[in-house]
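Next up, some structures in structure tokens.
Next come two complexes built around chain A: one with chain B, the other with chain C.
Right, the complex of A and B next:
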């Protein structure tokens, strides 16, 4: 198990995929937010968070993800999540994240769903 | 001065309910305010406890995310002025001294609406998160019912506990024969083991200070015991409760939540433990069944054919595998050997020693014959190949069929009974200590003879020490009486008569010992 979240970014044409590995807590959430806001500053309005490497998200992490969603709404952008564990998927649904961000089962479907041409 | 539009006024009226429109509207209000007060930049902060949280900025100047009015950051405070509002504050780069004018009042109303909006959002978040907690408990409950994999269960329980308590770290310990052992950790290292009676651990679980080594580096710890019907089975500990401002201590409600997980863990772990126990029992039963089969192979399958003699043997183990042994063997030079032994203990260890006895008897008897020193060699072999406190009582006899001469060795076994033709009952007593106890022990062989009509009975203590409900033992006298009464009966029927008498005597009282009988009658 990782002690802190590792975030990697794959910048693609028109959007970016952010991969997480580890616990999305306060520190992990802040790191995701830092990366997301940097991508927004670069002019990217479509972000995909691939949580394949994350098993748990705590309430602080969720509140930070909600802030990122709000930011994306503010800039009229799109945020998607993919590859969630069943526990995280259920948590996102209960917390209302799925109302404002799209949730996809895997990365291929997410890219197809989020692409500007789609 | 830029006037507010009709839409701005309408948005302001419903600001607390319109999250997405809030920030652009406040930005316009701030722009309006800066223009009215000739300020370069201004930022609206909303009260959050004793701190002020940044909401919106107008102008190029940077403002901190969180502002503590009690101890303002000098770097940020330099050149800034502040207007306190009922629901927050306005920080601005100096312009005119603000008056309670319309634009300030509008900002103040916006701050109130935004604070209300934040409170509603926080309450909604908390209410939703209660749902997540309930779902998590439900999920763990399902996992408890759905898996018996101890590793998987431990991970599920610990991850859910860490997540729902907003902990940064956690550890799960299980109590075994060697104390508390670390089963699973999350977010960092944890102490590998604690003694079962570690007093600091006991105080910690009761709400006291945590042992320093439990989660090294954690500043705030919470732990609860995992118990089944008041008996300790383990411990869950979590460390450093997170908030947006760092880590802090856990609350009383967190102890209750962790307690719920400990209860779930207790059920899950107990189920897994019982499952493992059942598997182990099944494995042992398979082994015992195999051992019983091997033992059945060791014991004679029928009666040997020795001209002029009738011979029969019978054995009933008290457990699946027994500690009694009997056997017939060719002792060479036309002699016939018969043995009846009783190994100390029961179950698998006793069965293994029976197997050793069987092999050694055959090898030694075939190689050296039953002469002087036979029992000494057997004793040495058993002493070397059995564990301490394991021993064998043995009656071994060597019969010369033609002459009826019977050389016998009795190593601590019950006296064999020899019923003479004339009705006299001889006892063939002990000539030494049980085998395997004293490596240098010496044994004396003795000689008697079997005349036509004589009946020899070897037996184990499961016959003579069979107990009635009042603890009275069957005894040698009753055995002798049966031999006397039924002396001419075919041997298999005589064995049935002995068994019937012992069973009737016991009146259903459970018997702990194996029962074995060997009968030899000279007929010609």
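Right, the complex of A and C next:
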């Protein structure tokens, strides 16, 4: 029994949206990190993780998300999350992730909040 | 504890294998649904169960590589409280000796893990840990059927 995570990317002008579908455990977290670091290597400094397709996470997976946050701070970039279930949002709050990454209710608000002003 | 009864009980023995925590979370979901918990509270129970299992898998070093779980629905007549016990036969730990994780220090640290207990305590209504060196660990966590339930009643239902 292996719960896998599917990750897709939408590259937009100046930023990228990473969509997840499935369980964010250690393998899932590593897959998100792999994609995020690839986007950073491409020169993108603004990333949005849309977790609409993820209903379940664990602390190992979230620890890997913290590594991505650390990387974004290092490159002076921005990381946002959107479309979290109430429990995932509460878990992020318990862990204090909202102090270092912006959390938005939906993608439209996230894009408006993260996109660099012209 | 007067007049309260175990209305439904399920026991589960999990091998410490990848993703077995998801199997435990499905049992927790079934019990919480039976109690007619709200979907958000069910999700919170599910997440706490996942974290409790992962803690046992990762840190217990239990020689039998198993986790023993009991899910109990308690109440006088109607289901009022879900109590979940997660036990291992591992090396145990000093509960007060676990440092509270802080995001600011985790960001700079090599080891970014160690959030399990913090998450469980944040998501459940009550959490009790019984652990001793070499004597294994039992985590008992409870959640009331609804947030508005009388907390005194829930207190009576605790061990």
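In this text, the second predicted complex is superposed on the first by the 115 of 118 C-alpha atoms of A that agree within 3 Å, B and C clash if a C-alpha of one lies under 4 Å from a C-alpha of the other, contacts with A are read in each partner's own complex, and residues count from 1 in each chain.
Criterion: a contact is a pair of C-beta atoms (placed from the backbone, for glycine too) under 8 Å apart; a residue touches a chain by one contact, two chains touch by 3 or more.
Worth saying up front: this structure is predicted, and the values here are computed from it rather than measured.
Peer 1: Between chain B (first) and chain C (second), which, if any, makes contact with A:67: first, second, both or neither?
Peer 2: Touch status of A:67: second partner only.
Peer 1: Would you sort A:99 into first (chain B), second (chain C), both or neither based on which partner it touches?
Peer 2: second
Peer 1: With both complexes superposed on chain A, which partner does A:38 reach: first (chain B), second (chain C), both or neither?
Peer 2: Touch status of A:38: no partner.
Peer 1: For A:52, decide between first (touching chain B), second (touching chain C), both and neither.
Peer 2: In the superposition, A:52 contacts neither chain B nor chain C.
Peer 1: Touch check for A:23: first (chain B), second (chain C), both, or neither?
Peer 2: A:23: touches chain B and chain C.
Peer 1: When the two structures are overlaid on chain A, which partner does A:12 contact: first (chain B), second (chain C), both, or neither?
Peer 2: Touch partners of A:12: none, neither chain B nor chain C.
Peer 1: Going by the touch definition up top, name the partner, chain B or chain C, that contacts more of chain A.
Peer 2: C
Peer 1: Does chain B (first) or chain C (second) touch A:108, or do both, or does neither?
Peer 2: neither
Peer 1: Under the contact rule defined above, give the chain A residues that sit at the interface with chain B and also at the interface with chain C.
Peer 2: 1, 3, 23, 25, 55-60, 62-63, 66, 70, 73, 87, 90-91, 94-96
Peer 1: Under the touch definition given earlier, write down the residues of chain B that touch chain A in their complex.
Peer 2: Within the complex, chain B touches chain A at residues 19-20, 23, 124-125, 128-129, 131-132, 135-136, 139, 159-160, 162-164, 166-168, 185-188, 242-244, 246.
Peer 1: Give every residue of chain A touching chain C within the complex, in rising order.
Peer 2: Touching chain C from chain A are residues 1-3, 23, 25, 55-60, 62-64, 66-67, 69-70, 73, 85-87, 90-91, 94-97, 99-100.
Peer 1: For the complex, which residues does chain C have touching chain A?
Peer 2: Residues in contact with chain A: 18-23, 25, 40, 43-44, 46-47, 50-51, 54, 101-104, 106-108, 112-113, 115-116, 118-119, 122-123.
Peer 1: For chain A, which residues are in contact with chain B within the complex?
Peer 2: Against chain B, the touching part of chain A is residues 1, 3, 23, 25-26, 55-60, 62-63, 66, 70, 73-74, 87, 90-91, 94-96.
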